[in-house]
Amino acid sequence: MLDAGGELAGVLRIFSGSSHPELAQEIANYLQCPLCRRTTSRFTNDNLFVRLEESVRGKDVVIIQSFSPGCEGGTSVSDNVLEMFLMLDAARSASAKSVHAVIPYFSYARSDKKDEPRISIAARLMADLLATAGAGHVMTMTLHSPQVHGFFSVPTDHLTAQDEMVRHFRNRDLSNTVVVAPDMGHAKRALKLARALGTSVAAADKERIDDKEVHIERIIGDVAHKDAIVLDDEIATGGSMIALVELLIRHSARKITLACTHGVFCGSAIERLGNMREIEEIVTTNTVPIPPEKRLPNMTILSVAPIFGEAIRRNILGQSVGSLFAYWPDQPEG
Amino acid sequence: MLDAGGELAGVLRIFSGSSHPELAQEIANYLQCPLCRRTTSRFTNDNLFVRLEESVRGKDVVIIQSFSPGCEGGTSVSDNVLEMFLMLDAARSASAKSVHAVIPYFSYARSDKKDEPRISIAARLMADLLATAGAGHVMTMTLHSPQVHGFFSVPTDHLTAQDEMVRHFRNRDLSNTVVVAPDMGHAKRALKLARALGTSVAAADKERIDDKEVHIERIIGDVAHKDAIVLDDEIATGGSMIALVELLIRHSARKITLACTHGVFCGSAIERLGNMREIEEIVTTNTVPIPPEKRLPNMTILSVAPIFGEAIRRNILGQSVGSLFAYWPDQPEG
Amino acid sequence: MLDAGGELAGVLRIFSGSSHPELAQEIANYLQCPLCRRTTSRFTNDNLFVRLEESVRGKDVVIIQSFSPGCEGGTSVSDNVLEMFLMLDAARSASAKSVHAVIPYFSYARSDKKDEPRISIAARLMADLLATAGAGHVMTMTLHSPQVHGFFSVPTDHLTAQDEMVRHFRNRDLSNTVVVAPDMGHAKRALKLARALGTSVAAADKERIDDKEVHIERIIGDVAHKDAIVLDDEIATGGSMIALVELLIRHSARKITLACTHGVFCGSAIERLGNMREIEEIVTTNTVPIPPEKRLPNMTILSVAPIFGEAIRRNILGQSVGSLFAYWPDQPEG
Amino acid sequence: MLDAGGELAGVLRIFSGSSHPELAQEIANYLQCPLCRRTTSRFTNDNLFVRLEESVRGKDVVIIQSFSPGCEGGTSVSDNVLEMFLMLDAARSASAKSVHAVIPYFSYARSDKKDEPRISIAARLMADLLATAGAGHVMTMTLHSPQVHGFFSVPTDHLTAQDEMVRHFRNRDLSNTVVVAPDMGHAKRALKLARALGTSVAAADKERIDDKEVHIERIIGDVAHKDAIVLDDEIATGGSMIALVELLIRHSARKITLACTHGVFCGSAIERLGNMREIEEIVTTNTVPIPPEKRLPNMTILSVAPIFGEAIRRNILGQSVGSLFAYWPDQPEG
Amino acid sequence: MLDAGGELAGVLRIFSGSSHPELAQEIANYLQCPLCRRTTSRFTNDNLFVRLEESVRGKDVVIIQSFSPGCEGGTSVSDNVLEMFLMLDAARSASAKSVHAVIPYFSYARSDKKDEPRISIAARLMADLLATAGAGHVMTMTLHSPQVHGFFSVPTDHLTAQDEMVRHFRNRDLSNTVVVAPDMGHAKRALKLARALGTSVAAADKERIDDKEVHIERIIGDVAHKDAIVLDDEIATGGSMIALVELLIRHSARKITLACTHGVFCGSAIERLGNMREIEEIVTTNTVPIPPEKRLPNMTILSVAPIFGEAIRRNILGQSVGSLFAYWPDQPEG
Amino acid sequence: MLDAGGELAGVLRIFSGSSHPELAQEIANYLQCPLCRRTTSRFTNDNLFVRLEESVRGKDVVIIQSFSPGCEGGTSVSDNVLEMFLMLDAARSASAKSVHAVIPYFSYARSDKKDEPRISIAARLMADLLATAGAGHVMTMTLHSPQVHGFFSVPTDHLTAQDEMVRHFRNRDLSNTVVVAPDMGHAKRALKLARALGTSVAAADKERIDDKEVHIERIIGDVAHKDAIVLDDEIATGGSMIALVELLIRHSARKITLACTHGVFCGSAIERLGNMREIEEIVTTNTVPIPPEKRLPNMTILSVAPIFGEAIRRNILGQSVGSLFAYWPDQPEG
């Protein structure tokens, strides 16, 4: 892969939005391509303005932007979304050959159904707006529900960081470990990881059921005296994770590790998680930027840059990227 | 509601496809509108041919077709889907004011994610094809997953038969009853029903997990010595239902009732379900036609005609239909 | 017009975004229709969430949102734009009969040309995104350049507040007054006002020309010993306005009035304008919310609610709204 | 052409639907490319499921499917059409570079006009649905009427097997031969063939005119004591062909040959044609699969694989394919 | 029908393009609606400019334009087509409720197939451009081939003047009359007329076949000593008509009448037709304007205004217009 | 650049419409590619017919057509526009790889706003129709207002001839020269030229203000005793130019040069300009064909062929063309 840059240097142009330039730089490094410059400013009337600083005519243009809440400079998800639209439009109208939207964290995936009247299924809306703005192809990771994939009208690669997780945990003694899903509805992810690690699996139920007669605060599968790896797609305020950790403790679990793809850590998440001594390790990825002050001593941040980088490389070169996908098959060795 | 026909007779035209004319007739009866005639034939080269036999110019046209496997005349789901496209196109191109696709059973909703490479998310594809063919509005019921709602680009009403279910079960002695969800992933439907009936709730896990170390064949919640109502969206071959009934029996459940919206009952489903003496009652609806030979003695078929009829009526008249929707709220009295 | 509500109450539903609820309420009052409730909240991951709290099925839905920088609650233009998209999508997918986007201040109109490489003509992009999100018709006021009207693919009414301005200034002694345009490129607006008021007209040149040999800091037309009304489309930081006032003073103008449609007043605009004693009056409108602390003693805020209200009323009733338009003809009496 | 595979192996992926795998294999052989594997199955609820078994990312994908009535496994035209849609969608959403729909027999071309009220012009509808499903380019052969070409919104190649026919008949003694068109409305095809063969031409009238006063059962042009080649686009039930043969016999024609592009041979066609001793030979092509039991002793089946193969090859390589087209010019030597 | 205007006056706005204001006025008269004023001018750079002089907001707008070669003021078909586009766009963008393009003579219907490489199927292109320009519904008459109907993506009414023809000819002694089709390819129209008149039918062959061995200059059916009514869709230069008249004379036909829907009469058509004494009468319609100098003494011009007027009326009122359509059924009495 | 043809010969196909074959030939020469043959004719019913005479399959197709009033053969702007649509459609439907519309003079750019009710913003309409007809990319020059760029939905290159102008004028003694803009609204173009030439700049006001009290017939900036270069985008009838020349004379300007990009010279423009002895030189370009009889002795026609040729070349090769653009930066040396 040393010659990736050589292969792609003439055809690829990578730009980063404001939300997560570090990840974009890492991806560019992986591809041995420079990260092209981009200018974003704000008019006095608060309008955003974006300029791509490199010619894109006839090039395959990759634009990387996480829909993450802003940490630096105070940009919000809304700013990040609109900046993405402006960059896509700028690239397309400047005669790019193809325009690829790379969205490591597609936050609006959570708004995936109409469980109340007169709301927007915002994940579908965002998918449509991205296409209108100029995205001809989308790459994203670990959508809240796999159905969201179907909201995109353009070809979309739904990647996974599972492989990185597996590699990370293989360094441990896994002989007495169980992977725990925080709710049965998303238990498949946990099962896949358990199979890859050769461990057992368990599941809790985080359905917010406060009905008096039914207390499903249960753990299905054996966790007593085992090391537990809790796997979720995203940790935001961390509330349900903390509740689960407490439940695991009551069930006599031993060392507890939290693992998630999207480490959003908003509100008092970091403070609360930092205070729980029972959490041995928090493993997450860098789909969302995690500033130094949020990096707890027991936090491991796996980089998704090689995954996105390799997916971009293979996509530009017309090679299969199946093994990087969210439907990643269940073979123990991946 | 006696004057519904009076209100709508001048503006509404209802047509039925070949899949389920009985339901269409019932809906027309509810609306006190005649069911318009429609001719479908097959050319010698097997092409379908459809003609609407009533002028639709300037009218609100409703076309009713279940995507059900054909029982009468051997039509298949594919035939039913294509006939629907032909009817929609015929109505639109004949200057209908609006064209409404009523699909009581949208079978392709099950193909809602890309869990393998290079497959079609067919539910999204069908939603797009329906729009291309002329549907400006869709009405359907109990989609396999609520996210499928977001696959439709045209306004879509996602209805539920829950109200009919509640009315049916209220006639029973429910004092010692539990509603059972066949898997945790879709436990919300069961919980809603339980609340409406004032019963407790339980859930099984039908995740097809054959992994040796984990046996999650469990029932969460108490079912021993209780009457159980098992609620699912659809019964096709009935395999998982039968497994669940056997599990309930092992857990000392008393009278067992099966309830589902879409009674597809294909393969040997009817034979196998008929042989299980422990099943007290099978409650389903008529979103899919159930021919006489499939009607087991203990089967109750609730009609969804009033639900679709009322939703059509309110839609044409511009009235709210919120209470008929799948996001039907959790109040005990509905 | 007293019976406007009577006419429209059954068919019209008016919602306001977060940017300017006061104007929306005034418009609703003009139409004698209640302003429907709307809920906006923010998920923990900073995603916006919107719910319309009134059934819109079969109704003409009007959604009012200025693309103004947020004052209350810290919403930004980006938040306001995305909230608009979510509201439009919610209304459309809830089977509204028609969806009208009312954007009193369309801030992105300033990004109307490609004067640098690889930028987005953001005004066109926003117009396209609005249509994708569900807008079937747009109403806006005094776009930065009249060509922006052509960016919209849906029917668009480009309104003007000129009539209100005329009515306001007619109360003065106008016998020795001149209307001054801040630059020749947009002198037509000033000329129209001058004709309606029966005054003379003059123009300055605010082309940002810092070239040494050419000093076009000139006033064309006679302003000496005259009362001057300076008319612009928008005052943001107020920088060029203040420079023009200073120039007018050097040219011996008497009482100086500033008039603009969009009173954005950002940065230190209010402070600087408040400090210029020579400004007799600032006349603006309420297309952008002006909080109490920004309301200078010499500021007059004309309401555009009757203009938008009347345009909405006539639009719903299928009556001509020509006289309210930006191509408002040049007759002295309007 | 020996190196076609060499040229295309890296960029081309050929898949076949269920309707006619033999032809697809022949085309693949012509191109010296392997036919990629594809899995089609049917869910218990009769839904179709399709998976392409080869990576298509960045490749030119060709999908071959005749809209023929199914012979093997009982698939119907409707199944074949839907399977085509699923394959197109799977290819497009898997990031194919281009997606080409090859439809040797586009059966719906017969539904090409609105000769009754409230019917679908189904050929146009199918063309639109193909584009929605993902076809970016279509290749087909001998459409029922040449206008159907205009129903496709994507670039479409309308091929002809005339060249193969000419080559076949040149082996005969053609000194006393006449090409006969079964009706004047499509006489041009016959005239072209006659010119290429250097024979005379005649035409019958198969307009279904049962009006009493007019008996146009005539042959225009001289057929007496001549060998006749009757040329039509398609033989379905064979009814009109048999009537024409009888008419030719009454007009003293000698040896009679039937020629058609699409040998659908449905109903009792094979039996009835087999019983007519006066038919010397039936020449058709393999656009529709003809199972062994339908292959009459006097039947010659010309392969269209080289035509489609060559058209695909030239299309991928950006070379002219004009001479393979349905507007094939009238020069005697082709 | 006397109260048509009363019914429609509040909702209908009729405009005429430059090509045929007389017909538009007649249609307006039929509907008892005023013909709204429209201004067309030409800028100095030859650009067309159009303004609708009546408010269309919320109205059903009908725009009438024949794609005829210009007689007055030298407008060409190209001017007429572009003027139509400008009028459609003006109506749509001025918030018309619906926009109907009435094209009595859609000249581009002749370009309906790709019989040469690298040409446009211009009839399809024009249909697409009309939709882009704003047409939501099309009304036209007697398209060159019925398949052209399928080129329109918007609902399209394909009308016929056959009824008027029948009424006209019924005034004659038809006891010894034959209706003659100029070529077999379009013989159906002649047959329909023959049936409605109770006459026999015959057909000639105008296929431009100059091949030496085949002389199909024949008349199929008996014309000797009969009065002949030759029916075609359009007479342009009249060349083939004159050839057919000569052929009929050689076949001893008696009185010869020419009938066509579109009397384009270009080039020397009028002069040549006027010189043929054997032509008893020329019956045409006013889909194309026929200036006084072209009106031969033996010419009868039937007005299509009642047909278009009635079709418009019924369309606006949502009533069936089937009997006015080109698929007018074959019953002898119509 | 000598090897441009070598680079592009295999992939590029250049066609010219009827409006300006000379320029197309020049562009082809620049690119060292042959100009492909194209046939345009007119049917007897005045319909246009176009055929591209060279295979375009898989090629980058460039179609060059000015929307200029016809000089040769009497074609009008309408004919030129429709011929363009037909050529674009022909190229696209013949499987071109990409279709580029080169419109050196886009005349409809003048219709860029809705300054009257119920008119079409025809520039936007034409942009939409071009895309519908098949243009995937547009190249044009010096649009009337820069906002018109935003009317195009496809990537559009807005070129400028400024560089050629600079080169031309540098040959002069510019020591005492001033560049004059005919109105302040478009003064930026003049300023850019002035900077590139190192001269001073002035501006007149051609706002058609006939109001009695205001006489803005002024020249801003010093022109007395200077050589004046008047720069405008287009000269049509020349009326305002002549008025300006007279004004400059009254202000004691010395030698006067007129410069414009689009030399339309319609009506009596040539005669009137030719009669003004004070005009030293008229510098224009060949975006519009200027027949020999219009070429005044003092007229210099700069060719834009190298600009369009180079932009095409770089576009096909994926190289930046920024320096050729209308947002050409202000550096003195270009």
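Odds and ends about this structure:
We just call them A, B, C, D, E and F in the order they show up, numbering each chain from 1.
Everything below uses one rule, namely that a contact is a pair of C-beta atoms (placed from the backbone, for glycine too) under 8 Å apart; a residue touches a chain by one contact, two chains touch by 3 or more.
Note that this is a predicted model, so its numbers are computed, not measured.
Common partners of subunit A and subunit E, by the touch rule above, are B, C, D, F.
The chains touching subunit D as well as subunit F are A, E. C-beta contact counts were set side by side for A-B and A-C; A-C has more. Comparing the CA-atom centres of all chains against that of subunit E, the greatest distance is found for A.
Comparing contact pairs by residue number, the interface of A-F is reproduced by D-F among D-F, A-B or B-D, since over half of the pairs coincide. Averaging C-alpha coordinates per chain places the centre of subunit B 50 Å away from that of subunit C. Annotation: 40 Å between the Cα-based centres of subunit E and subunit F. As a whole-number value, the distance joining the C-alpha centres of subunit C and subunit D reads 62 Å. Among the residues of subunit E, those touching two or more other chains are numbered 55, 93-94, 114, 116-117, 121, 128, 322.
Chain pairs that touch one another are A-B, A-C, A-D, A-F, B-C, B-D, B-E, C-E, C-F, D-E, D-F, E-F. Residues 137, 155-157, 314-322 of subunit E are the ones touching subunit B in the complex.
On the side of subunit C, the complex with subunit B involves touching residues 55, 57-59, 92-95, 97.
The residues of subunit C lying in touch with subunit F in their complex are 112-117, 121, 123-124, 128, 145-151, 153, 158, 183-188, 191, 194-195, 200-203, 205, 207, 209, 211, 213-214, 216, 218, 220-221, 320, 322, 325-327. Taken in their complex, subunit C has these residues touching subunit A: 43-56, 68-70, 76-79, 81-82, 85-87, 89-91, 93-94, 107-108, 110-111, 114, 116-122, 125, 128-129, 132-133, 234, 236-237, 264, 266-267.
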